[in-house]
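One structure is given below, encoded as structure tokens.
Chain IDs A, B and C follow the sequence of writing; residue 1 opens each chain.
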């Protein structure tokens, strides 16, 4: 049983009785045993639970029942998604060992589709970071070169797929936390339209920006995963009242007649190989019948600032609940206030504290208008810029990350330099639009490069069409 | 240097956020936050007077649910995960120094 | 305690009182405001909990439609405008606040600009009535009297966390402790009548905070203090009066009043400093990103408005028309508060005198609740006997007591069994003349203007008649014979 396969094929084979889910699982777990020591993708490997699920899938097939469209597919889950009875730590000391009493909606939907959960993956603490070096439990290393980072914040989920510990995984994306690690690890990563995938059970970082999405080997798998996890959830008030996305039928429609936007005022500073790969991506699409059009997004350059005021502000409020009262770790003290202060000081890492401080300040009396209030207006400008651009093009192409995977430790002392990793991904989150990263060749040191396809709200069908064409263009 | 945010403000914000910070941390945070705010000053140049703030990525309105009871979580499971519990309740040290 | 005379402004020395009330009301929904745990009082601790109630990582709020409907009912009953609104986070740390923020409404609340009319007709402005979630409950162990001060630790129960509240913010139009009491009493009746809440201050389903300041007439508003921990209508009046006097004493001695929150202590009858506003947390309000705006459409608002029952004020007015009694008099106030006004009107519809019905119901139906057991026809028959002169007022009371005790009865039969019959007028007059003759002293004193002397005469007549004489008729006869 090989791990060089796709989720689509695994499910197909298992449902048809051509393969057993336990065998598929064992092959992936063998890989974990072989390489997890070097990669450190997981906080928790749930081998026993996975085996139980795989056996249930095989029993269903044997009894003539269809286990679902993800039958037997080994999937890893970012450790900021609640899994009942299984530790969910957000890679933070403040939640070390905490077992939720409930499942996130996406977890329930995947399980109902026959998926098998391999484990909970490492992340930057509370999803704040671009390298997974902010994890309280040590970084995740890039399977292509273990002296380098896997990207972040969903580094563990990206690496789990790249290293074939799982056939697919889920991450979360607030400013690029799926797309950037996907690019650095050479896998497909999708942030869907805000509101298409339920956030119920996703530990909140920035509520108006967070979305869950898949990491996969190929575009078709990403379509399959998204079809399974998307669709209205009554437990999430921001969930769009629509049925699940329909994508598998879209991806082979080609790009003839589509207009692909190239941003003329895109911020510079990308590595030359990255810019070269992007140019080749435009060429591949043109050769396949698409037209390239220039678009301008004059407010795009303010995206980082708007994001680094809005996201920490919401985070400072979302993380206030970690106070040692009801769950998680606690540092005892003589009174409750002292307990709060000591618990949070001991439980949170530096980056989390930094962002809580920044966010608290941005919301505080006297500063709201100057910071948070202004950032919300800049958000509107960016959204309006995109609206104008999407009158001229169906999708837009950019690099996903300006740089390839960087050496572990090379950016930890310079938070601002780390923030710049997300310059191309952040605007999408601000606008609530979908975007995905498709592996497209290599850059410096032979490391993977990702090209980002951006689309307007609920533009997943056309986004996937273009992504599939790019994938064909690489091969 | 620190003209966008002072150490005093940083200490006050830390108290508001219930984060214990040592004097060293205060000075480190002050210079880091100051640097960030300096960088974020690029938006000061924009004329935003007539721009509406954007708070919702997708425009939904009137999302509600029916008033129907669903089963509660199991109290034992929940309290087992609590740092301290007594008599079916969550236990905390004396509640001093907080408004309520 | 000071009482205000209707029409006369309440003053303490040279100072007038300015008071605004903030009332929090727990809504009578089946589930909480943002999650589907049961909204129930009095069960074992922590049995109505869910991820949202506990503020677990990953939990998300979803708004309860019924809570919105009841909040709209409250707004409309208080003459507010219902408007499109949003929810905000109010951020602060406290152990009974599971998320370390409360979801409330800030600059765009559901209901605005209404009023509540006091029974005497004065309108108290209602600035807003908005939705917010309640906190859990803490009990303090080891201190004295269950207070935080000196406690060893505290225990938190989250059953109440997330229960829907409407906060009703009254304008500072209240100018006396009596008005404050009337406001809260009337508000409570309205809330119960529209089914929004059981509004019991003793159980905490209605909580009242008072903002109090004083000033000399014509001066600008004084510094106000907020008073918390008032647990009954009576305490409210006492607390406001105490606080006003406390502030006046400070001002008169040359000190200034500090703006602060104070705690009312029922046992020592004083307010005590809880915290000053200078120490207050910065709440860092921002729009709740996990919720979307709420904009009830015209159709829904009208549907709710149409579903409102008659409000206490209208019911008092209706009862006043039917009985001739004053709408803000004690009888009508009490009977409407008990919900027995429809009953009184029904007795009137049965052909009996509504004014007598009002008096009897007020006096004898205290334990009957809003659905009296006594059949309307039975009371109507009794009243007809009384007003036609066949029973004296005293006899009627006795018969009624028996009817109430038995849950009904035939008034004529009971009267007959007791040997009650009213005396006819000539028989009565003869008895009065005889009493005058036998009690010449008393008669002389009465004729000279000593009203109290009538008592002896009436007593004699009642004795002779073995209680069958109608006291009212006797008094009327004596008065007419005296010539007054």
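Things to note:
The rule we apply is simple: a residue touches a chain if its C-beta (ideal position, glycine included) is under 8 Å from a C-beta of that chain, and two chains touch if they have at least 3 such contacts.
Predicted model only: the values in this text are computed from it and were never measured.
Put simply, the chain closest to the centre of the protein, by Cα centroids, is B. The chain pair A-C and the chain pair A-B differ in C-beta contact count, and the higher one is A-B.
Centre-to-centre separation between subunit B and subunit C, using Cα means, comes to 41 Å. Rounded to whole angstrom units, the spacing between the C-alpha centres of subunit A and subunit C is 57. Centre-to-centre separation between subunit A and subunit B, using Cα means, comes to 23 Å.
Among all residues of subunit C, those that touch two or more other chains are 51, 54, 62-63, 93, 95, 154, 156, 282, 284, 289, 291-292. Residue positions 98, 101-102, 208, 234, 237-238, 320, 323, 325-327, 336-337, 340, 360, 364 of subunit A are each in touch with at least two other chains. Multi-chain contact residues of subunit B (touching two or more other chains): 16, 18, 55-56, 60, 63, 65, 73, 78, 90, 92-96, 98.
Listed in rising order, the residues of subunit B touching subunit A in the complex are 5, 9-10, 13-14, 16-21, 29, 32-33, 35-36, 39-40, 42-43, 46, 48, 51-58, 60, 63, 65, 73-74, 77-78, 81-84, 90, 92-98. The touching residues of subunit B, counted against subunit C in their complex, run 16, 18, 55-56, 60-70, 72-73, 75, 78-79, 86-96, 98-100. Across the interface of their complex, subunit B is touched by residues 98-99, 101-102, 193-195, 208-209, 234, 237-238, 240-241, 301-302, 305-306, 308-309, 316, 320, 323-330, 332-342, 344-345, 348, 353-354, 356-358, 360-361, 364, 371, 373-381, 383, 415-416, 430-432, 457 of subunit A.
Residue ranges of subunit C in contact with subunit A, taken from their complex: 51, 54-63, 89, 91, 93, 95, 98-101, 154, 156, 282, 284, 286, 289-292. Chain contact summary for the complex, subunit A toward subunit C: residues 80-82, 88, 90, 95, 98, 100-102, 104, 199-204, 206-208, 234-238, 313-314, 317, 320-321, 323, 325-327, 336-337, 340, 360, 363-365, 368, 372.
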